[in-house]
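There's a structure below that I have some questions on.
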Amino acid sequence: MTGTMRNIALFALVGVLILLTGVLQSWNSALLILNMGLVSAMMAIGVNLQWGFAGLFNVGVMGFVALGGLATVLVSMPPVHAAWRAGGLGILAAVALGAGTIVLTIFLFRRMQPGWLRAVVLIAVLIAGFFAYRAVFDPAVAAIERINPAGTGYLGGLGLPILLAWPVGGLLAAGAAWIIGKTALGLRSDYLAIATLGIAEIIIAVMKNEDWLSRGVKNVIGLPRPVPYEIMLQRDPVFVERAAALGLDPVTGSTLFVKANYSILLLVVLLVLLWLAQMALKSPWGRMMRAIRDNETAAEAMGKDVTGRHLQIFILGSVVCGIAGAIMTTLDGQLVPTTYQPLRYTFLIWVMVIVGGSGNNFGAVLGGMLVWFLWVQVEPMGALLMKGITAGMTDGSALKSHLLEATAHMRLLTMGIVMLVVLRFSPRGLIPEK
Amino acid sequence: MIKVKDLHKHFGGFHAVDGANLEIAEGSITGLIGPNGAGKTTLFNVIAGVLEPTAGRVTMAGKDITGLPPHELFHKGLLRTFQIAHEFSSMTCRENLMMVPGNQSGERLWNTWFGRRRIANEERALRAKADEVLEFLTIEHLADHRAGQVSGGQKKLLELGRTMMVDARIVFLDEVGAGVNRTLLNTIADAIIRLNKERQYTFVVIEHDMDFIGRLCDPVICMAEGRVLAEGTLAEIKANEQVIEAYLGTGLKNKVNT
Amino acid sequence: EEVKMGVALGFTGPLESLSPPMANGAELAAKEISDSGKFMDGSTVTTIRADTTCIDASAATAAAERLVTSDRVAGIMGAMCSGATGAVLQNVAIPNGVVMISPSATSPALSTVEDNGYFFRTAPSDARQGVIMAENILDRGIETVAITYTNNDYGKGLADSFAEAYAEKGGTVTINTAHEDGKADYSAEIGSLSSAGGDALVVVGYVDQGGKGIVRAALDSGAFETFVFPDGMISEVLESDFGDEIEGSFGQKPGNESDGLGMFVKLAEEAGFDGNEIFAPESYDAMALMLLAMHSAGSTKADDYKGKIMDIANAPGEKILPGELGKALEILSDGGEVDYQGASAVEFIDPGESAGNYIEMEMKDGKLVTIGVR
Amino acid sequence: MSGNAYQDDRGNKDRSITKAGGPGSAEGAMRKGKAVPAPGGPFLIGENMTGGYGKGPNILEACTIAVDKGEIAVIVGPNGAGKSTAMKAVFGMLDLREGSVRLDGEDITALSPQARVVKGMGFVPQTSNIFTSLTVEENLEMGAFIRRDDFSETMEQILDLFPILREKRRQAAGELSGGQRQQVAVGRALMTKPKVLMLDEPTAGVSPIVMDELFDRIIEVARTGIPILMVEQNARQALEIADKGYVLVQGMNAYSGTGKDLLADPEVRKSFLGG
Amino acid sequence: MDLLNAIVALSNFVLVPAIAYGSQLALGALGVTLIYGILRFSNFAHGDTMAFGTMATILFTWWFQSLGISFGPLPTALLALPLGILGCMAIVLLTDRGIYRFYREQKAKPVILVIVSMGVMFIMNGLVRVIIGPDDQNFADGDRFIITAREFREMTGLREGLALKSTQGITVITAVIVVALLFWFLNRTRTGKSMRAYSDNEDLALLSGINPERVVMITWLIVAALATVAGVLYGLDKSFKPFVYFQLLLPIFASAIVGGLGSPVGAIAGGFIIAFSEVTITYAWKKVLTYLLPEAWQPDGLVQLMSTDYKFAVSFVILLIVLLVKPTGLFKGKSV
């Protein structure tokens, strides 16, 4: 079998798996898995850009994904006017003060001669800035959070269409990536691991604790959607009629319709991202990146600005993760900061990239879809396996009931086994880099 | 061309380069010899921006280049090869050459999406140039081989080839000859001489093989213990007592058993 | 006929240790009703578990989607964490028109969701518990407290409502700070709590998560000796793990004088699990409520029975405690009314949230004893 | 590169999750065979060796290399001819597809490299031939890993031979200059007190004075009866002291003879010795 | 007196817990660093290996307890520890034989092993939960305290108490012993040196007559022992819960990286840096300052740099700063 044939077959396999879900379970489940698979594929592309093309080890994927999520709230939720009146100005002033302090510090750092005087002045500026900032910031926050804490208690967003939040999510992620890159890239790669981990923790901590921004752990629920609501469709006689014509009851019809809308939207975004990534990869730019990856010292000696390129691709990858994060939050319809956990948003995404084949965009897409499918479907598979194991045991034996209790944990076990099997037989991933 | 003034490089308490002063004339092929551990490679690394000097200045054509990063030095026309070949092993030999020129428009991300025609033209020119260089080095048959899979000597040729893809002004060669077959080494020497003659590259060559040095270099600088010990033509150096004692030695003591 | 019910909890992930007893509680209720033979003309009830992970709202949605569209469950007992609950509610339950009763999600944000009457929760409301806890503490003459809460909607909501009530009634909160569940070390938290001081430490957390770690570290370093526990902390574990180390500490949890919880614990013991585990009683109640409502409506269609849930949970009618589900079925069949109390003294207020009574408990001689009802 | 997907890590170059340098490339480490008596023949011979890396093409084609007690055998040839590969094959770091290796009357083809060390073979590879993170002294100690007797005397001899090493004995070997490392590498091999010594380009990158010292020492060692097999690009000097010379081209024996013969052969001179 | 009070308060809430936590992290990081240094990959399964070893120890502890065996004032778990270590060694060797060995034979690149270790992580993760369940297990018995805060106050008459838990004492003592043993082993013994040599250059190690499989096996054995000891000490001090052990992976890796991956000294230093930065940065200095400052100057706020909500964030910022100031890593490049 030639390479292309093999790849087509692999994608077909994923397609068949999803179709099977549709036939055996339900078409709603199938479409849902497809949609989330598409989002996962985007995240995998983002990580693949960083890891597969540049060897940048990003442990903080969850942070960028979370920033994307934050963007949905900031863009799409209606503004809370009372909160703006109460503390909006204060917050803006505080942010300006904070930014000003940092700019001043950097300015002084550049302008003054190194020495103890500079250190003292810098520290003084920072401390004074910090206190001034807190003095303006704290009362404003308190004022905002006092306004209907159970319902709002935050500034709200801009009330714009949520589709706008997708690029904005990318922008926020780009900003964070730029800061990390400026401080940590160009030094040893271990820094990047720590820095990304750290910044992700910081982003999540901010999202959990700054209630004025996005309600913190009180979550924002009921984000607007770019597609119609099922309930509306179910009440719309025209739609109900059309559904009936297709032999669907209104509930199934509406849920399928909504999911299909998402599928199309996501597919478009994914294809655009994929096209951009592929074009970049196959150009002199991609060649330069490969050269840098192969041998940084030599690339540097050949006039390539290794740090600059790393920064660029690190930002690009993060942007993709941010966009995917925004899309995912849109799909969920809510922002819940406590869900951003490394197991799901760092380890699992890597698994996708590696199983798919790092260094290959199509591999990343395949890995994203396939691993997502497994992540969701190993649960029933694990249960089945456990049933098989315990089938021969006498009913009511302690071991049997203990094992049945543990069924849920077969999920991770099965995931691990699948991974090891793939790695055993296809160590460079299912669609390896050429 | 290059002037090194009172350069120091210390590792902890150890003074690898300890006040080196030297000057490299434009258009020359200067040999740099010296016992193991004399600080030659370290001096190279400092000039090429890989290491920060502890003290001292390096100037190139009158401009201070101390502490500039390697990629900026590259754009100033300072190139180097490595003692151990640093090829881009997963790329083909041709790609190894094509990636060298700076400021390719295809290296800008924007152009890869919206400037494809321009890139295509540029690529064609680059490819032609790369093939030309490969031919010059007599390895045109390796154009589509992965660079990681060619032999050690061929990698060294490739290293040299990269310096030919752009208009270099000065090229530093760190032990091109070590481990290279003598016949091949002659080819390399010819290439160097041609580059020097035809393109007016300046070369600085570290080497322990006196035949090779003799073929190529004038003048020769001998370093020892981080400082310049002697300078002059090879003949002068060979006659220098200190150099003989520290570096050249007097030949085999044990004669071959009969 | 076979009625399928979904049990959607976070079986893997950060709160995985809370899930099994909750699922057991819910399944106990289902079994009781099924075994009684009186449910909807002898229909049987089977339960299907689904893992909502607590870290992955999307996986939760997918699992719930499978429950609803593939297994065709008549109702969902769940979900557990607010994240999963919100996602499942908005993306699965409401669009498909399925009733969902969460035993543990307390996020105030959930109250604002346009739920079309499909969503209920048996977990008590933070606001009310906050007030009761404040009274409880002040009545004992404790005027300054430090608060630490688990950093999620439950902890934050309850801590804030408590702090507000407490300050209003004249108490002083020295510090109100979060702790994360499932972390390795709580010394830092204890350091600042102790530095801030206070006569007691209010631990708004989960007893087998960070809450326990906090209590342990506070005791070990001698930072606090008296603790106040809201519902998430009141559990057998306090006795087995701390015993008389926390003598005199107290707290409250939903319940009333009719010892519903006691009966539930006994039932649970027979079934082989610990009924004192947090949220297990609420899970039992959630499941029982849905099934009773179906029976009352004579239909497993959500639109038919969702309206009945309020009626079942609230007065008037005969009070129903755990183990009496058969009796309830009978009464309903006969056209009577029930006031379901269950294991956690369920009382629903609009929009489908619990507002029951609380029982006050205290550690005496290493045992948790009931002091009274508030 | 052998086309083995497991060894291909393109795209995954980050240092913070794997240690730089990568695993070894020697193949025979897990070999579990035994030595079989096979009397006769020269002291060490790799006969008719055919093989390549992993599943890759043959690098060696029926290549034969032998050395006897007290002899110095030198292998020369163009870059990439397979000289180092032949050395590795003799040392068992390559799975031979055909041919055999015999040492001192025993067939050792099935032995793992570490077992060959125990049999008395010493080898200095061409590249990465020192433990960079260990001190110079520890490097030498590692050379004596299989020795159970007191090796301090040997250590003294080696430090006398390479005085610079005595000076730097407590320094990490990775901080030494190219030529200094080469001296450590040879010293490490000598620590084994080997019965046969194999050197892959021992003089690459060392200064003329040290090179002369090294050759002197090699001759001395050979005179004590230890056969020496070495690869040299410094071919003229090496062939001058060689009893036997092999010219390898594309993995095959192209010429062989005494060192003098080869030096005198104009064809060999022109193609391989640089005229 | 006030000075003493301040010192005691600081020790009680910062120094003692941070030292204990630091030791636990250090032991974990040592394991990670050894695998990295010798087998050349980051072992993501380490947290779950710790969980497995601890689980084995707990099972043996229960067994001992049911037999009525106890260890006097010390926790029974210490008696069970050797058995737990053996159990952990068994599973680790099993995974090595069954999984890693194949890749070694293939000369797989280390990065593949990293990913394999992730697979192993998932499997061990499931295994531990299937065997002992996801619940919290408290298995500490024996005397809890060397001295309680109250006893300390009564003894010294100070207002502040200093509590020393026996588990803290055991942790620190065990950690010191284990680290000392490990260093002695690596630097002084022939086998230890051969491990370092193998870590440096596998091929050359072969040429020195070192048997690689033996080195690999010994490494895994040591790592299993370290992981079990670290896990049991942690579990004794806090409690055992599989998910927390998985979570421990991140601070452990942070420790190892800060110290310089591959360097045992670095791992230890890193463990303490992480522990101290977590505990000190968010400490509210009010109490200490109240003792130290004259009446008029006493703070009314908490004097806390950051609220504890940000403790992880802050500790990571500290790490970054440490790394920026010391760009070669704390102990990178120095072997042991």
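Letters A, B, C, D and E mark the chains in the order given here, with residues in each chain numbered from 1 onward.
In this section, a contact is a pair of C-beta atoms (placed from the backbone, for glycine too) under 8 Å apart; a residue touches a chain by one contact, two chains touch by 3 or more.
Here the structure is a predicted model, which is why all the values come from computation and not from measurement.
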- Trace the shortest sequence of touching chains from subunit B to subunit C and report its length in steps. 2
- Look at all chain centres (mean of CA atoms) and spot the one farthest from the centre of subunit D. C
- Message: Centre to centre, using CA atoms, which chain is the farthest one from subunit E?
- Response: B
- Item | Intercentroid distance (Cα basis), subunit D paired with subunit C, Å | 73
- subunit D and subunit E, separation of their C-alpha mean positions in angstrom: 43
- Item | Centre distance in Å when subunit B and subunit E are each reduced to the mean of their C-alpha atoms | 48
- Touching two or more other chains - residues of subunit C: 12-14, 16, 19-20, 151, 178
- Residue numbers in subunit B touching two or more further chains are 90
- Message: Going by the contact rule already set, what residues in subunit A reach two or more other chains?
- Response: 188, 190, 193, 208-209, 294, 343, 405, 409, 411-412, 427
- Checked against the stated definition, the touching pairs are A-B, A-C, A-D, A-E, B-D, C-E, D-E
- Residue set of subunit E touching subunit C in the complex reads 9, 12-14, 16-18, 21, 24-25, 129, 133-136, 138, 144-145, 148-150, 161, 163, 165, 234, 238-239, 241, 243-244, 247-248, 251, 275, 278-279, 281-288, 302, 304, 307-309, 311-312
- Task: Could you please specify the touching residues of subunit C with respect to subunit A in the complex?
- Result: 11-14, 16, 19-20, 49-51, 53-59, 61-63, 65-66, 68-70, 81-83, 86-87, 90-91, 94-97, 107-114, 116, 127, 151-153, 155-157, 160, 178, 272
- Can you list the residues on subunit D that touch subunit B in the complex? 1, 10, 77-81, 126-127, 164, 175-180, 182-183, 201, 204-213, 215-216, 219-220, 222-223, 233-236, 240-241, 270-275
- Contacts from subunit A onto subunit C in the complex sit at residues 24-29, 32-33, 36, 39, 149-151, 208-209, 215-222, 229-231, 251-252, 254-255, 258, 328, 331-334, 336, 338-339, 341, 343-344, 375-376, 379-380, 401, 405, 407-409, 411-412
- Per the touch rule, the subunit B residues reaching subunit A in their complex are 48, 50, 69-71, 74-75, 79-80, 82, 86-91, 95-96, 98-100, 102, 104, 106-109, 111-113, 116, 119, 122-123, 162, 166
